[in-house]
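Next come the structures, one after another.
Each of the two complexes below includes chain A, the first together with chain B, the second together with chain C.
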Partner chain A sequence: MRIVVGIKWVPNTQAVRFDPKTGTLIRTGVPAIVNPHDLPAAELALRLRDEYGGEVIVLTMAPPPAVQGLEHILGMGADKAVLLTDRAFAGADTLATSYVIAEGIRKIEREIGKVDLAVFGQETIDSSTAHIGAQVASWLGWPYIYYVKNAKMVNGALRVERQLENAVETFDVGLPAVVSVAMKALKARPVRLSHKLRVKLEKPIIVWSNKDLGLDPRCVGLKGSPTIVSKVTYLPEVPRRKIVYKPKDPRDAARWILAQLFQDEKTREALHKALWG
Partner chain B sequence: MPKVDCGKLCPEWPCEQPDEFKNVWVITEASEEGVSEASLQMLTPALEIAGKLGSKVVGVLIGYNVERHAETLIRHGADEVIVVDSEDLKEYYPEVYGQVVVDLARKYKPEVILIAATMRGREMGPYIANTLRAGITADCTDFDVDEKTRDVLLIRPPFAAIMLAYIKTPFRRPQIGTARPNVFPVPPADDTRKGEIIRETVQVRKTRTRLVSRTILKREEIPIEKAEIIVSGGKGLGGPEGFKLLEELASILGGVVAGSRKAVDAGWISHERQVGQTGKSVKPILYIAVGISGAAQHMIGVREATRIVAINIDPEAPIFNQADYGVIGDYKEIVESLIEELKKLKEAGPEAVDELIKEYTIQEAAVQQG
Partner chain C sequence: MDGVPGKFDVVVVGAGPAGSAAAYLLAKAGFKVLILERGRGAGSKELFGGKVYAPPLRDVWPGLDKEAPIHRWVTRERISFVRGSRVATIEYSLGRRVGFTTYLPELAKWMSDKAVEAGAVLVDEVRVDEIVVRDGRIVGVRSGPDTVEADVVVDAEGVNRLLLERLGLVERLNPSYVALGVKEVLNVGKGTIEERFALPKGEGLAWMVAGDVTAGIPGGGFIYTMKDTIAIGLVLHIGKAMEKAEAGQINKHVSRILEEFRLHPYFKQFWKDADVMEYGAHMTIEGGLRMVPKRLYAPGLVIVGDAAGLLLNTGYTVRGVDFAVASGRIAAEAIIEAFNRGGPTEENLRLYEERLKESFVWRELVRHRWIGRGMEDECYFTSMPGVLIRILEKLYEADYEEPTLIDALLESLAEEDISLTKLIMKLGSVVSKL
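Now for the complex of A and B:
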C-alpha cells in the first residue's frame, strides 16, 4: 500500500518561555522540531508498510527549512518525501493548508501512483486545532477516523481501534481513507544512520511549488484563509481563590473542603453527580 | 455588513453574502438516553451570541430515536429544533453525520454554528466547516460579537491557556466554532417554554466505514485529559501505597488519579498519567493536588482546571498560592477522612449537604485570604 504521512515542522513549544514582565512569549532562539504528535503517525505508517509492503511518503507544506523535518522521518525509514513550498502558501489557516495538502496528495496519485491511506498526527503543539485530518478527508471525499491507536488490514479494509472519552471503538475503514493517530499512541522508532546515508546519496525529496500544483492563488495562503486572528492577549496568571485553612483535625479538614466545594457553584453539580448520580 | 467581492474569492468556494445567513445553531450529540450535557452547555454561548445578533437559537438533533429529546433543547433555551431522525443514523460516522449538517446548513444558511468540543465534536467539526468552505475555530472558551459587522469573535487559548487568540471570519459564513465542555453552564430549564420542531429528511450518505465494536471504558481507564475530576499525587505521598488511597478517593468522586513528574519518576504511577509541561494538560472541573509542591512545570498543566484543591503539610508550599482551596496537614489522615465523610454524605443523601454548609461558610473559614 502507498501511505502518505503529513507532518509539521514546529517551534518546540516546551522551549518557549513566558515573560511575566512583558506578558509575552519568548520565541527567539527556540529550536524547531517535528511536531511530536506526528511521530506516532509516522510510526503507524511505517509499521503498516513493513507488514504489508508498499511505500511511505512523508509530506509537509512549509517553508524550505522544514526539509529537516522530512529528513527526520526519512531517517526513520520513510521511502520518499514531498515538500510543498511557495511564498503564496504563507499565512494559511487550516482550510488553505488542508487544500494544498489534499492537492499534493492528488499530484502524488498522478505522478507516483494511487494513495491508499493518508495518516496525520492528532494535533500540532503550536496550534492544537486537530483540523487537518478531517479537512483533507473533506477535500478528497475519503472516509476518516480520529484518535487511532493501532491499525491492521482485515479482509481488505483497515481495522482501527480508537479511544473516546468513555469508550473504545473498533472500525473497519474502506480504503482510501484518512486516519489521525492518537497522541502518544505508539513509540516512534529512532532515526537510523543507514537511512540517513541513503537520504544523502539518493536525495528522495521532491519539491513542488504552486506552479507545479497549479492552484488558484485566491485558494492558498492568506488569501485562501477564511479565518483571521484579530487580536491576541496574554493571561500571565490564572485567578485563584487562594483560601487556605489550618484544620483542627483531619475530620475538620475533610468537612471544610467538602463545604467549600458544595458551596461553590463551579463544583457543586459535579459533586452531586458523583455522589447521587 | 460589508459586501463580499466574489472576484476575490477562491473559485472552489460558493460566493455568498454574509447577510444571506441567519440564526445560531447548536449541533447536539444525542443518544436514545438523551442529549449530552456538553451539547446542552453550548446553548449558553449560543443564547448570548443570538441575543447580541438579535437572532434565534436553533438546536440540531441528529440520530436514531432522538426526536423526543427536541423538547429538552427547547426547555433549555432553543427557539427551534431541526430533527433528522433516521435508522440510517444509528451509528455515528464522522463524515456521515457531518454531511447531514452540511446539507442542512446549505438549506437553512445559519450565521453561526457551535459544536461541543468533545472528541466526536472535534472530529466532525472541521469536516463540516471544510465541506462548507467556511472557517472553524477549535476549543473556544469564550465568544464575543462585533455588533457593527455581525462578526463573531471566537476566543481560544492556545499554548496551555497562556494566550488568548480572538479569531473571526469576516467574509465567510457560517462562523463555526467548537467550544470546550464544562466552560459554560447548562442554561436553566423552563418547562413552560415553547418552540418549533422541524422534521427534516435528508439523504444519508453511505460510508465505507463500519463499526465493529464499542466497549464502554471503566472509570479508572478514562484518560486524564478527559476526566472531570482528578485526584493527583506528588512526591509527598511518600510511596506507591499513597496512590491506593488516592484511587479510593477518585473512585467515590467518579474521577481518576494522576501524578506529578516526581511521582512518575519514582514509578508510583504510569507516565500517561503525568500532569505538566512534559506530561499532559488537563481540564477537569476539580483538581485535587495531594503532596504536590506546585512547581511551575507542574502548574502549567492545570491552568485550565476550573478549581484546584491543595493538601500539603508545608504551609509555605507554593501550591497554596495557586489553588482555590488549600488545607495544611498530613495527606494520609486528611484523605482518609475525606473518603469517610464522602461515604457518609453519599449514604445520608443530598439533604445532608445543607447541614455541612451551615457548619462552614466560606467567609468564616477564610482564615488566610491571599
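Now for the complex of A and C:
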C-alpha cells in the first residue's frame, strides 16, 4: 500500500499575535510547526502501512524551511518525503494549492509508483478552510471521505469510520481514495531516534520545482488563485477582570450574576424565578 | 532494544553551548559526532538573562565577533539597590568590549550550526532516556526503543541532570542549589533602546537589581538591552522560596513577582508603552561548587556545562555560557588526546577533569566558592539594600536638617533591626569572601 500524507508548515498560531492597526497576523519571529491537525493523518497512514506493508510518502507544498516539518514526519517513521517548492507557488489559495498537490501525487505515481491512498488533516490552524482534501480528490477524480477517525482494509476495500457529532458512520471505499482525518482522532507517535538519524544520514527528501511538475504558471501560486480576501476584521481582545461578589444570601449572588449576563430585566427575573423560586 | 545503524565516535547529549562547543571541536578534528537534542532545533530549550562573556567563546570560534548573533556589546554595567519605590544605582562605563547581550536560543543555534558545518550530525526532537552502561563502561545512549553506540558520551544535558541522576553520578537536585530564572522580553519598538537608556548607538547595558523586587526571596533582578527589545527578569532561590512558602511568609506566583518588578514605579519608565513579547522560565545553578558532581568523567563519559555544575552567580555578574563553552572545549581537547593515548579509558578521560581544574573556570568557582552560601543569607537581599536606601533617604529627603552620616547609618540600622556589630561582621565576611 502506497500512502501519501499531505502536511502544511504553518506558523504556530498560539504564538502569533494580531496587529490591531492593520488587522493582519504578525508572523515575524514566530516559529513554524507542522499543522497539528495533520499529525493524526500521518499517524493513520503509518498505522495502515505498519499493518498492510508498503510505504508512506509525506508531501507538502511550501518554501524550503518546511523541510523541518517533513523531517518531523519522517522522524515518526514515514519512508520518503516530497517537497514541492517554487517561487511560482507563492500566494496560492486553496484551489492553486490543491492543484499543485494533486499534480505532485500524479508525479509520485509516475516516478515512484501507484498511490493507493492520500491522507490529509481535517483543516489547518492558520486558515481553517478544510478545502485541500476535497479539492485534491476532485482533481484526481478519487472518492473522498472526511472526519475519518479510523480505517482498515476489508476485502480489498478501505473500511472507514467517520466521526460525526453523535454517530459514527462506516463506509467501504474502493482505492485509490482520499481521506481527511478528524482532528485529535488519533494520537501521533513520537519522533524516534533511529528514524531521525536515517533522515540526517540518508536525506530521503525529494524536491520538485514547478519545472519538474511542468504546470502552467498561470494556474499556480497567486496567478492561479481566484480567491480574494476582501477584508479581515480584527476582533479586539476583551480585557478580563476578576470580580469577586460575595453577598451573604446566595440568591443575591444569583441575581447579581444574572444582571451581568442579561441586560433585559424581564428575562432576568424570569430566570431568577425559575432558578430560585 | 533496537540498535541504530552506524556507530559514532562521540555522542553529545544536548545542543546547548557546552555540547555544541565540544561537538564543533571534535567534528573539526575528524571525529564522527552525533548531537542529540530534545527540543525542536538547537537552542529551543535555552533561556538565560542576557549577557555572555566573549573571550572563552573566541577561543573556540575566532570569528565570533563577526559571525555570532550578537545583539549589543555591553558598555554600561549598573547595579541598583531597591526598597519600595526608592532606588540607589551605581553605573560603570566600560572601556572594553568583554560581554555582549543576545538571546541564548539564537546563540546556541549558531553554535550548533557551526558544529554541523564542521561535520557533526544533529538530531533534534529526540529525548535521551538513558546513558547505557555495559561491563562497567559507558557505551552509548538510549532513546525510547533505540540505542546508539559511541566510544564517548559527552553529557551536556543541562541543569536538570536526570541522566546523571539515573546513572548514580549525582544526587537528586537539591532545591537549595538552584534558582528559578523568570524572564520577560519587552518589545519597545525599533531604535528606541539608545534613547531610553542614554546609550551610544549599538551599545548595550547590563543591569543587576538587588532588594525587595524579589519579594523577600534571596535572588535579584536583571535588565538587559537587546537589539530592539529589553529582557527583564528575576532569579529566585528555590530552596528559600519553598521555605518561605511553607512558613506562610509568601503566597505569590512568580509571574506576579515579575509583574510587580515590570510595573515598579522607577523601572517601568525604561520600558514605557512596551508589549510583553515572551515569557519564560528556566532553572539555574546557585550552588557554586556544591553542584559539581564528585567526578566529571567515567569510562566513556565526560560531563560538561550546567550538568557539571559550572555556573557562577556572584550577584554582580553571572557566568554560565562562557563556562559551558570552556568546559566543552576542554572536554573536546581531552577526548582528542585520550584517543591519541589509546582510547577513552577512565584513566585517559581523567585528563578532562585535570585540565578543567587547571582552567579559569575552576579557579573562578573556587575563588568565589562562598558566594553560593551567602545567597542563602537573606540579609544581603533585604536588610542590607534596605539600610543603604534608608541612609540615602535620610540624607536626601530631609526637610530642613539633615543628619550626619553616622546618625543616618545608626538610625537606619535600628530601623532594619540590625546591630552595628552585626553589620560589621556581615560586611567583614562579605569582604573576606570576595
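Operating definition for what follows: the second predicted complex is superposed on the first by the 224 of 277 C-alpha atoms of A that agree within 3 Å, B and C clash if a C-alpha of one lies under 4 Å from a C-alpha of the other, contacts with A are read in each partner's own complex, and residues count from 1 in each chain.
In this text, contacts are C-beta pairs under 8 Å (C-beta built on N, C-alpha and C of every residue); 3 or more make two chains touch, one makes a residue touch a chain.
In this text the structure is predicted, and so the values were computed from the model without any measurement.
A count of residues in chain A touched by chain B and by chain C gives the higher number to B.
When the two structures are aligned on the shared chain, A:T233 is found in touch with chain B, with no touch to chain C. Legend: residue contacts after superposition of the two complexes on their common chain; A:T13 is shown touching chain B, with no touch to chain C. By the touch criterion stated above, A:A270 is placed in contact with chain B alone, chain C being left untouched. Within the superposed three-chain model, A:I145 lies in touch with chain B and out of touch with chain C [touch as defined at top].
In the superposition on chain A, A:I257 makes contact with chain B only, while chain C stays out of contact range.
Contacts of A:S127 after superposition: chain B is touched, whereas chain C is not reached.
When both complexes are aligned on chain A by C-alpha atoms, no chain A residue touches chain B in the first and chain C in the second. On the chain B side of its complex with chain A, the touching residues are 8-12, 93-95, 98, 118-120, 122-127, 129-131, 133-139, 153, 157-159, 161-172, 207-217, 222-223, 226, 228-229, 252-255, 272, 277-278, 285-286, 303, 306-309, 311, 315, 320-330, 333-334, 336-338, 340-342, 345-346, 349-350, 353, 356-357, 359-362, 365-370. Residues 13-14, 16, 18, 25, 93-95, 98-99, 126-135, 137-139, 143-147, 157, 159, 163-175, 177, 184, 216, 218-219, 223-236, 238, 240-247, 250-251, 253-264, 266-267, 270-276 of chain A are the ones touching chain B in the complex.
Residue ranges on chain A touching chain C, taken from their complex, read 31, 33, 68, 72, 75, 190-194, 196-198, 200-201.
Within the complex, the chain C residues that touch chain A are 2, 4-6, 34, 36, 40-41, 44, 121-126, 143-146, 148.
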